[in-house]
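You will see two complexes here that share subunit A, one where it goes with subunit B and one where it goes with subunit C.
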Partner chain A sequence: MAVIRDVIPQLELFQPGTADDALALLSEHGSDAWVFAGGLDTLDWFKDRVKRPKVVVDLGGIDSLREIRTTADGIEIGAMARLIDVVNNADIKAQFPALAFAAKSAASPQIRNVGTIGGNIGQDTRCWYYRDGWTCYRAGGNICYASPPTAMNREHCILGASRCVAVNPSDTAPVLVALEAEMVIRRGSSERVIPADEFFVGPEIDIERMTALEPGDLLMSIRIPSKWAGARVYFEKVRDRDSWDFPIVNVATAIKETGGSIEDVRVVVNGVAPTPVRLTAVESAIIGESLNEQTAEQAGNVSIQGVAPLTHNGFKVNLMKNLVKRSIRDEPMNA
Partner chain B sequence: MSQEIIELTEETAQQGVSRRGFIKGAIAASAAVSSSNYLFRANGGALLAQSAAAGAVERLITVNVNGRSRRVQVPPMETLSTTLRYTMGLTGTKIGCDRAECGACTVLVDGVSHYACSTLTHTVRGREVTTIEGLEGEDGTLHPMQQAVLEEQGFQCAFCMSGFIMNTVALLNENQSPTRKDAAEWLSGNLCRCADYDKILTSVERAAAITRGA
Partner chain C sequence: MADYKLLGKNYQLPDLYAKVTGRSKYAEDHRAEGMVFAKLLVSPMPHARVVSIDTSAAERLPGVEGILLPSDLPEEAEAPNESALTMEPKYEGEPILAVAAVTEQIAADAIELINIQFEPLPFVLDPLDSLKPGGPNGRLDGNTSLGRELGEIKWTEADMAGLSPGEIPMDGATAAEWAYGDLEAGFADADVIIEEHSYNQSTSHQPLESRTTMAYWEGGKLYIYPSVQSTARSVGPMARWAGIEPSNVVLINEFTGGGFGGKISGYVHAQIPILLSKNIGKPVMMRISRREENAIGRARPGVQARIKLGMRSDGKITALDIHCVGDQGPYGRSGDAMNVAGIGSLCYQPDAVRTRGTNVFTNTPPRGPQRGPGGVQSMTMLEPMIQRAAKQLGLDQVDVRRLNAPEGQAKFGAPGRDGEQGHVSSAFAKEAIDKGAELFNWTERKAISGRRNGSKVTGIGTCLSAYAAGASGVDGLFVIRPDGRMYIQSGIGNLGTGSTFDMMRAAAEGMDMPWEKCEVAWGNSALHLPWSCSQGGSSTTHAHTRANWAAVEDATRKMKAIAAQDLGGSADSYEVSGERVHRRGNRSQGLSFAQVAQRAVDLGGEFDGHELPEDINGMTTASATALAGQGLMGVAKDNYEEGGRRMSFAAGFAEVEVDIETGDIKVKDYAVGSDAGTIMHPKTYSAQLFGGAIQGFSVALSSKWVYDRRWGLLVAKRFYNNRPPGILDVPHEQPMKWGNADLPDPFNPLGAKGIGEAAQGAGSGAVVNAIADALDSLGDGFGDFYRSPVTRDMILTMLEQAPTGHDRLMAHV
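The block that comes next holds the complex of A and B.
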């Protein structure tokens, strides 16, 4: 852990009551502004004085952003819905239980009482070199401290690294990618809607960000189309202890089957790369196949093609292989 | 400048102030003064800056703690644990990690468990905060969980205790017959460095029994 410096430098705080006011503030202050949702990722950065925006825009007073509603085509979750709201929402539990299960697997009860779904997918990586304020690539420098053979990189990438080897730590993100969710983003008065797989960006696109959100942007909501409602969606997370811990690897697999064979499938893993990764090679290898042990085995084997583990995280390769296999072989747990 | 930060309208002439209460008040005032110097050094004149834009916050706010509304000066980036301990003198709330990782600072906000170290005081305006100091009844009756902890000797060093008790209060408000497993899961956001988990869970069971009148 970083040295504890418990007094946060005095930044200017705004608590707008409407999304329009928040958007105006974000446009006005651009890259000097920081969006504050539940604050559980944010406050670490401020306490450690690693991130020092000038202005903080707290979304907590904007009630409309907390709504979870059913729409003509699925469910729309306000960015400020808390993880506990996602866990308990009856419509989400009925249609997308894997999402409620993933939200429940994140962090600890007190964090889920406050942390939001928008913050969960917007959260930064947990790479400790970066979080402790080392001037690595992600912090604008020109080195990665986690990739040399002597580095502590048990939790880092086995896939998709590009200079930076930090991973995306979100538990809800892979489920949202599997369910083909869309992110509704506003900037000023314009709105754009982007698919979840494009929302998460890797270092090859922008090494200093984890998502497509840019200064001035506000994530408004997450839309989950009804396409996968009621389908067989498997989520599993492996972590060091049963509370608090981030995923070492997690998997979200959505399957539509007809007559025992796989009609449509999406397989997504997280904790292994800078973004949640959709394993398209696995998907094409098993589509049309029977939903059985052999297919599951094959999926696991394909999932690890091309992995590039670091000094201390080779174990993640087997972990991912077995999680992918289980996600196809076993019934979803979802409770 | 130090005046800026100390609590403004907290009643100082309360009747029958206990000696302990008085000493606490004095400590709170001096701690507030020193942290004010710290803030001032760190940030120069910016503390005085106020913006008229929509949503700009005032620093003099009302916070409802344990059923009392208190007017306090709160810098925008102050955490609730800091305000409770160093401005209000409510030192029953502990700060362990200051990073949402231990639960020692758990308090209730509108009945829901929050890590006070990771909550900005400005976000609880207009809401009800309950700390360990607010559990005892007017007549001195302990909350069932406080009573249970005494009877079961639930904690060793007890640094984690306020957090566990507050989170258990939230649990018992929802479920008066938790199993040990329910309780363990509910309390999984609280750590005990003395590893008294077994006794803590036994205390929760007893508290539930007292609550049910069993």
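The block that comes next holds the complex of A and C.
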């Protein structure tokens, strides 16, 4: 039968007013349901008729999911808080300016006015084969179209590939991993809280998902503990256009410094693997070292150990090395 | 510069309110009673034969109104031209059939019910693959046009011996060739010879408005609401696709969201709603998605070339030898590749030029002219070689451009049958360079070349760009009515440049009419519009200032004749000013425009359009006949002398900052000096210079296609991965600057030429040179990319001396 990549097909739309109602709908419809937040990841899937859920649960009417509040130990951001709300929130700016900066680096002003933090971390990969409806591993097939020598993979993995070489495209995700955020997930009436680094799931665990969210799950909020509040957190995103573009590589590095030496550090990169990658080898190599150019250089060199670039993305190796180096050498921009 | 009341002054375009309030109607905003929607079934393969189509299930779907198959077209286009639908799709996304239904959703659902079987055929994505011995052809009937015929060009094993991948045999076979001067002597005279391979990518036109079209039939007439660049010039093609006379076409298109050459006078796919609506007897709206626009919406032909350039120690370019390969797509005949040398021969006036080339059919979207066709490729490809030669000789880049720049009625391009080259009507290129250099402060700014700020390196670059700047021989038409107002007819088309109004100001200026008392009719062929030039190729400024001036002279002559008849004396003793025709030096003895308009109606004949000039186009005759009797008519064909081909010039100057740790390139500043004669409207003029420059930045920095080579499919289909620049990619720390030589073209009564085309090459050439300049500071030859767009992967792999994954000429990476 012929294929057409246009016009959203028939689907049943639910617009619950409370999280409980949303959860009930998700339980009822299970894998037939699609959770709709800002719609930026969703709508082109639908319009291309590549993803065709029977039921769509639009969270846009659930105000409680949009709250950003300070807690006894940090800040809790509702999953439906818009990126622009994260950018402008005074508490986030004061305690975790790198998160506000990363949110501001995502997408375009128009998209940030609609797109949500939950959508930003939960979004699917931008692998152009997968998104165009090619029946690859991630789409339930038994091949990766992006890795053969004739394939175009400039924007794909240099790390962590497992059959699939697609990358995670989120800008806020690496910051949240660096800040040791936790994801609050509900399923029916039960709630679980998982660390950010376990929230993102690689193809070796489940090749058809990017996160730990399973059918029936609802991401409620993101908790950021105060551990890294006020610390030196560097974020930088490299993208091809300033207008609207996903990261070629981004980096988030959190450092606690005592007397000029690195007391604690978390280095996370994204856009290089199917999940944000915490570079623990880099962290071990530089912990206790002086915060200086030499340490930065060392961090960069360690960061690229074990990389496996594809035909067209060898430049990402150099780019990641330089970004990791900068994240330690340079002052955070955060503006 | 003459002292004009209207020309050269900013004013508010008459369509502004509609645009900023969202009331302007673009093609898809139109509705008609009983309207249904069409959707396309397009090819999923780069080249295939449709073996079978079964539409029975689709036809049974409630709400389906009709299906249009290739066999429903009146005739198949003659090779190598394209048809609206085809049983042998030659690129991914080529339309095969269309379904009309009461909703778009039903139409799309119906397409999914169609059982269609394909037989895959050989395909080629990269022209060089087709030229290699034994390489595949993009069409079953050949890989290139040999004159009027289709045929095949293949290089031999001997040609390829000793060449690395991505290299072109300089003397390998080509489909076309032209030359002038003594090439051997030119190279012998050179002190530096640069020989390089260079690649300019294919780029989609990407107008914000796709080519959506609505059509219906009523009383034997076709009413069509397309998204086209030209109004008058699109009527004929629509009539042809409908199989009717142009007089039976009503074309309504008041607003068009850009075209850049991709919608100049319609598009063959308009035939789909035209025929569907005829077959089913209902209006049909065919909305074109961005994805479809990427496929059917035209693109600039990529060019792969081997170029040899000789420069004397004083900077004079002595010889230019090019073997160019054009990426033609599967249809048509493009002039882009061979025009690389054509435009180069104008900008740099080399003593000798030879160009040999082949346009190769590929299974990628059809190509069409895009803003400065061939010229942009010329600037992007030749300029870095000129910069390299000048650097080797230790010469100032501006001095070299100036030394080689054309003057007066400079010759250029391929010699004609008589062996003589054509020439331009005027060239004030040196003055344009001077203006740009002054705005950019080139002399002092040279000091920042190679400046380091941490990981960032600054580079500056300049480029002289030229392109066509005007047509001629079209008609002007207006009526001054007894209400004292002037009604000016504009058939140009309103794609956002403002020229459909700006050029009508020439008529108002000529009649000394306040603009507030002028009404412009545009965007609807039923409004009796005159024969106009295409709204493309920067044609309208020159053409319609001439045509409207001819109409002004016609109206002035008629007014004087009426005054002499009514008030006595000779016609020559009268003049026109201040909305009156009156005795020279005595305003009180005369007639107001309102009075003379009434007298024209009373007198009839030629005065009110009942008698018309014989040399005007039939379309103008029909329109003027419809307007006859309403007042005093100015109507005439432009018969002014032509002093050569109208070409304008833009000298771009760019400052870029390259971050050598990330490969980021930021355009920090841009200035442009121009030569396009008299400026009609500074605001729209500068919009052309800046908009063109930004499109040039796109060529230099970001816009490209990416094709999977195994499957022959485009993977970068979306706006964001096709990467045209947005407003955030434009210099914003300081405003871009522009200036003009302000020297009138002697072969236009107002001195005006167009500017839109030349503007783009100025942007691309200046930026690629600025990038090379920045990277040269890291080591000799570090900036030698000779490939666009210059992306961070090229920079970072070059700095690490790592492999890139592709050779210099490989297409669509």
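Basically, the second predicted complex is superposed on the first by the 329 of 335 C-alpha atoms of A that agree within 3 Å, B and C clash if a C-alpha of one lies under 4 Å from a C-alpha of the other, contacts with A are read in each partner's own complex, and residues count from 1 in each chain.
To be clear about the criterion, a contact is a pair of C-beta atoms (placed from the backbone, for glycine too) under 8 Å apart; a residue touches a chain by one contact, two chains touch by 3 or more.
Nothing here was measured: the structure is a model prediction, and the numbers come from that model.
Engineer: Once the two structures are overlaid on subunit A, check if subunit B and subunit C clash or fit side by side.
Structural biologist: clash
Engineer: Per the contact definition in the header, classify A:E297: touching subunit B only (first), subunit C only (second), both, or neither.
Structural biologist: In the superposition, A:E297 contacts neither subunit B nor subunit C.
Engineer: Could you look at A:P148 and tell me whether it touches subunit B, subunit C, both or neither (first, second, both, neither)?
Structural biologist: second
Engineer: Quick check for you: in the superposed arrangement, does A:D197 touch first (subunit B), second (subunit C), both or neither?
Structural biologist: The answer is neither, since A:D197 touches no partner chain.
Engineer: After superposition on the shared chain, which partner residues are touched by A:G60: those of subunit B (first), subunit C (second), both, or neither?
Structural biologist: The answer is first: A:G60 touches subunit B but not subunit C.
Engineer: Scan A:P9 for contacts with subunit B and subunit C and give back first, second, both or neither.
Structural biologist: Once the two structures are laid over each other on A, A:P9 reaches both partners.
Engineer: Quick check for you: in the superposed arrangement, does A:W244 touch first (subunit B), second (subunit C), both or neither?
Structural biologist: After superposing on A, A:W244 lies in contact with both subunit B and subunit C.
Engineer: Let me test your reading of the model: by the given contact rule, A:E180 touches which partner, first (subunit B), second (subunit C), both or neither?
Structural biologist: Neither: A:E180 stays clear of subunit B and subunit C.
Engineer: Going by the clash criterion at the top, which of the stretches 8-16, 26-34 or 116-124 from subunit B hits subunit C after superposition?
Structural biologist: 26-34
Engineer: Return the residues of subunit A at which the contacts from subunit B and from subunit C coincide.
Structural biologist: Residues 1, 4, 6-10, 44, 47, 108, 242-244, which sit in both footprints.
Engineer: Which residues of subunit A touch subunit C in their complex?
Structural biologist: It is residues 1-10, 44, 47-49, 108, 126, 128-129, 132, 145, 148, 150-152, 154, 238, 240-246, 248, 311-315, 317-319, 322-323, 325-326 of subunit A that touch subunit C.
Engineer: Applying the document's contact rule, which stretches of subunit A touch subunit B when the two form their complex?
Structural biologist: Contact set of subunit A toward subunit B: 1, 4, 6-17, 21-22, 24-25, 28, 36, 39-40, 43-44, 46-47, 56-58, 60-61, 107-111, 113-114, 242-244.
Engineer: Can you tell me which positions in subunit C touch subunit A when the two form their complex?
Structural biologist: Listed in rising order, the residues of subunit C that touch subunit A are 39-42, 44, 104-105, 107-109, 111-116, 289, 291-292, 455, 661-664, 702, 706-711, 713, 715-721, 723, 725-729, 791-793, 796-797, 799-800, 802-806, 813.
Engineer: Within their complex, state which residues of subunit B touch subunit A.
Structural biologist: Touching subunit A from subunit B are residues 35, 38-39, 42-43, 46-47, 49, 51, 53-57, 75-79, 82, 95, 97-101, 103, 106, 112-115, 118-120, 122-123, 167, 185-189.
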